[in-house]
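In what follows, structures are represented as structure tokens.
Each of the next two complexes has chain A plus one more chain, namely chain B in the first and chain C in the second.
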Partner chain A sequence: MGRWLARLHTLNPRWLYLATAILLIIPLVILIPMPRGSASRATRGLYDAVEAVPAGGIVMIDSSWDQGSRSENAAQLECVVRHLCQRRIRFVVTSLGTVFSPEFAQKTIEPIAAQAGYVYGRDWVNAGYVQSASGLAPVISALALDFHTIRQADVRGTPIGDLPLMKEVRTIRDVRLVYVVTYAPSPEWISFITGQFGTPVAFGCMSMMAPNYYTYIDSKQLCGMLIGNRGAAEYEALIRHPALGTRLSMAASFGNAAVILAAVVGNLGMWAARRAGRRGA
Partner chain B sequence: MTDPLAVWVGAIVTLGVFSYLARDNPFYRLIQQAAMGVVVGITIVVTWKQVLQPMWLSPIQGALAGTRDWTGALWLLALVPGSLWYFQLSKKWFWVSTLVSGLFVGVAAGLAFKFRILLILPQIGASLKPLNPFAGPNGFTWEGFLDSSNNLLFLAALLTTLLYFFFSVKTENRWVRTPIRWGRLMIMVALGAMFGNTVMTRMSYLIERMQFLYEMWLRPLFPG
Partner chain C sequence: MRRRAVWLITFGGGLFFLLEFLLPARTPEWLGGVGNPLTPFLPSATNFLIVVSAMAVLLGPLNLVRRYLGMIVRREQGRLEGAVFLVFLAVSIVAASCEGANIHRAFDTLYNALFYGVQTAFFASSMALLAFYLVSAAHRAFRINNLEAGLMMASAVVILLGQVPLGDWLTQGLPDAFQVRHAAQWILAVPNTGVQRAVEIGVCGGAFAAGFRQWLGIGATTR
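And then the complex of A and B:
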């Protein structure tokens, strides 16, 4: 047993890569029901903020993600848009991130909005890419003061003023909630939207960035936050519509179990190798 | 419906990137360079089509042609500060570029002050948390006791972490050394949480690619 464990210590890591890949495919092929945990305070905060918006109210979504963070941001955008559609809340989408973001947002939102009977221009608008290379602070400030000066046409090239929904959105005061979903949302949103105008802001971020934002949840500067696919899965449970987030977090549970197992076995192997070495000496 | 050609290209590129796990190879490097090229190309096109053309060129053209408000021609003035940046390429005329860079630094500094004050001040207020478990409206409750304990832990972590970064105190003193060690422990806990989340994010990347390979590429190849 000891010799076998010691051999694990020198295992080629490529076998581990292969084992992880196979393990991750299992929950994608076979749907395994897993117990659902309760929603975290951060997830519940965003859900309550959306619930507080009256039907017909307007929410602004900054969807600034692309392929680089699709693995978690896609599910985070999907579940919130689905909730907005369930409650007949209208929304405007901007992309302050990369040039690819408007297309990713369009592809994610379009099927959900169409299924809910949302009409483009009347119920939702994709305002497209907002160039922010000179820094987010001046862009967010200007966006809050006069949206129409920052984007004069939507993603399809239609003048913003011609879209019925945009006639009602001029400043940030016309918006009930701002939801920023990207790899690492910028705290400038907190300062220049919540701090200056009092409009609630919520974030959807990659798991690895979450510890940077917990402090803003505690201080109530952020009304809520979705953390990775786990946050999306919790949100899907709250709106009673399990979808992408639930499936991906199920696979992540398998992956995390594999990492824990590999760490335990690796350490046992190292211990056995040292012990064998001492005996040999 | 996704274009099958796009799915095949996506699958080949994904497998090419994964091939790096076996060893570094020319196919992987080719994909890496191609991805960078595509990103730069698309960024230039989209920036022109969605930003510069509609927001800068069209108002000028419209104003000069008389089809739009004459104020659109004022956008020509943006060329003056914009072109000043290029003087950074000349040693002799470098000072000209400082006129515009100074302006940018001034604006950025002003916004940074506002940004930090609006961000940090509420944090200080939120750090003052009740520590007395008997102070609740219903007197002592277990929930209140747990909240107070949590707040006490928060306060200890806050003060000891601040002390850890307070370099003007001699650390030989036992009364200072112990809290500093506690502060370091708190920082290690925070970094551990960050590392755990990083592992989760990396796992999500892999899962998303596996899902793509299985659902978009392999499953349609073997229906039923």
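And then the complex of A and C:
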């Protein structure tokens, strides 16, 4: 038994890769029902902030994610857009992250908006990519002051001023809430939007980046935050529409279990190898 | 002269953005209720920054094209990779420029094939590989050799389980306060927040000093 356990110390990583692949595929193929705890304070905060926006109000979404963080950010965008559509809240989408972001935002939002009967230009607008390589701070600040100077055309090339919704959005004061969904949202949104204008800001981030933002939840500078797929799944439960987040949080369960099991296996192997070494000496 | 010009532009830009942020949006009524005089220029100044940084972004592909073309002409090692880069760059530019412009449906198909079929698939695959590396690293490196490592392992397990429904399932029979998600929330909201604030204060102090040095051109090596 001891010798067998000691072999775990030098286990061929290919076995681990195989086990991980199986563990990740199972929950994507078979829907495994698992209990969902109540929504965290961060998730509830975002839900309440959206609920506080009156029907017909305008929300700004900065969707700055691409392929790299699609696994978590897509569900976070989807559930919030669905909630906005349920409440007939209009929204403007920007992408300060990468050039690919507007395309992913469009693909994610379009079917939900169409299903809700939202008309592009009147109920929602994808304003496209805003180059921010010079630093986010001046771009956020300028967008807040005069949206039309920074973005002159939407993602389809239509002049911003020609879109009915954008005639109502000139500054950040015309927006009730800003929701930033990306791999690791920049705290500059808090400094330049909440700090300067008082407009509430909420984040949607990858779960591994979440520890960086708890301090802003605690200080109430962030009104809410969706953390990984768990946050999206909690939000989907609040709006009573289980979807991508719920499904992917199951896969994350198995992925996290794989990491814990690998650490346990490695440690068991190490202890057994040490014990065998002491006996041999 | 050139160095002085760079310093002047840096100092002027820094002063503009600093004063714009620090000056009140509107002075009190007894001071005339005047608005911040710099604020109206902020969107235009930002547009200028966007244009300049867009030029800088273009420098990357231009340098790559020059380098790879040189490699191909000189028949150096790595010219095959260079050729692949140049072909994909040219095809991508053509596909992205013509996509959606109603020129020919083939351009839309080409764009979708390149963007979703190649680029997205490659990127997603390379990110997905991280899951396997993470599991392998947990097996090889996450060793409990002492008390500190044990504490870290315990904390990591609580966080990993507390962030997923599996944790809820494992501890659903326990009273609410003992469920793993509450423990995870406590770790993230209390000890983690304290540490994050301490780190942030240190980082901000360093960033302030570095920014101040750059703004005033202290120790700058611009020639």
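Keep this in mind: the second predicted complex is superposed on the first by the 281 of 281 C-alpha atoms of A that agree within 3 Å, B and C clash if a C-alpha of one lies under 4 Å from a C-alpha of the other, contacts with A are read in each partner's own complex, and residues count from 1 in each chain.
One rule holds for everything that comes next: a residue touches a chain if its C-beta (ideal position, glycine included) is under 8 Å from a C-beta of that chain, and two chains touch if they have at least 3 such contacts.
Since the structure is predicted, the reported quantities are computational estimates derived from the model, not experimental observations.
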item: Fit-or-clash call for chain B and chain C when the two complexes are aligned on chain A; value: clash
item: Contacts of A:Ile190 with chain B and chain C, given as first, second, both or neither; value: first
item: Contacts of A:Gln221 with chain B and chain C, given as first, second, both or neither; value: first
item: Partner chain(s) touched by A:Ala142 [first = chain B, second = chain C, both, neither]; value: second
item: Partner chain in contact with A:Tyr17 - chain B first, chain C second, else both or neither; value: both
item: Touching partner for A:Leu248 - first (chain B), second (chain C), both, neither; value: first
item: Partner chain(s) touched by A:Pro211 [first = chain B, second = chain C, both, neither]; value: both
item: Chain B versus chain C as contact partner of A:Val29, first or second or both or neither; value: first
item: First (chain B), second (chain C), both or neither touched by A:Glu72; value: first
item: Touched partner set for A:Ala153, first chain B, second chain C, both or neither; value: first
item: Common interface positions of chain A, toward chain B and toward chain C; value: 17, 20-21, 24, 70-71, 100, 131, 134-135, 137-138, 141, 196, 207, 210-211, 215, 218, 227-228, 230, 252, 255-256, 259
item: Interfacial residue positions of chain C with respect to chain A in the complex; value: 17, 20-21, 25, 39, 42-47, 49-50, 52-54, 56-57, 100, 115, 119-120, 123-124, 127, 131-132, 134-136, 138-140, 142-144, 153, 156-157, 160-161, 163-169, 172, 179, 181, 185, 188-189, 192-193, 196-197, 200
item: Contact footprint of chain C on chain A as seen in their complex; value: 11, 13, 16-17, 19-21, 24, 34-37, 40-41, 66-71, 100, 103, 130-135, 137-139, 141-142, 145-146, 149-150, 156, 196, 207, 210-212, 214-215, 217-218, 227-228, 230, 233, 249-250, 252-260, 262-263, 265-267, 270
item: Residue ranges of chain B in contact with chain A within the complex; value: 21-22, 42-43, 46-47, 50-51, 54-55, 104, 107-108, 111-112, 114-116, 118-119, 122-123, 125-126, 190, 193-194, 197-201, 203-211, 214-215
item: Interface residues, chain A side, partner chain B - complex; value: 14, 17, 20-21, 24-25, 28-29, 70-72, 98-100, 128-129, 131, 134-135, 137-138, 141, 152-153, 155, 157, 187-188, 190-192, 195-196, 206-211, 215, 218-221, 227-230, 247-248, 251-252, 255-256, 259
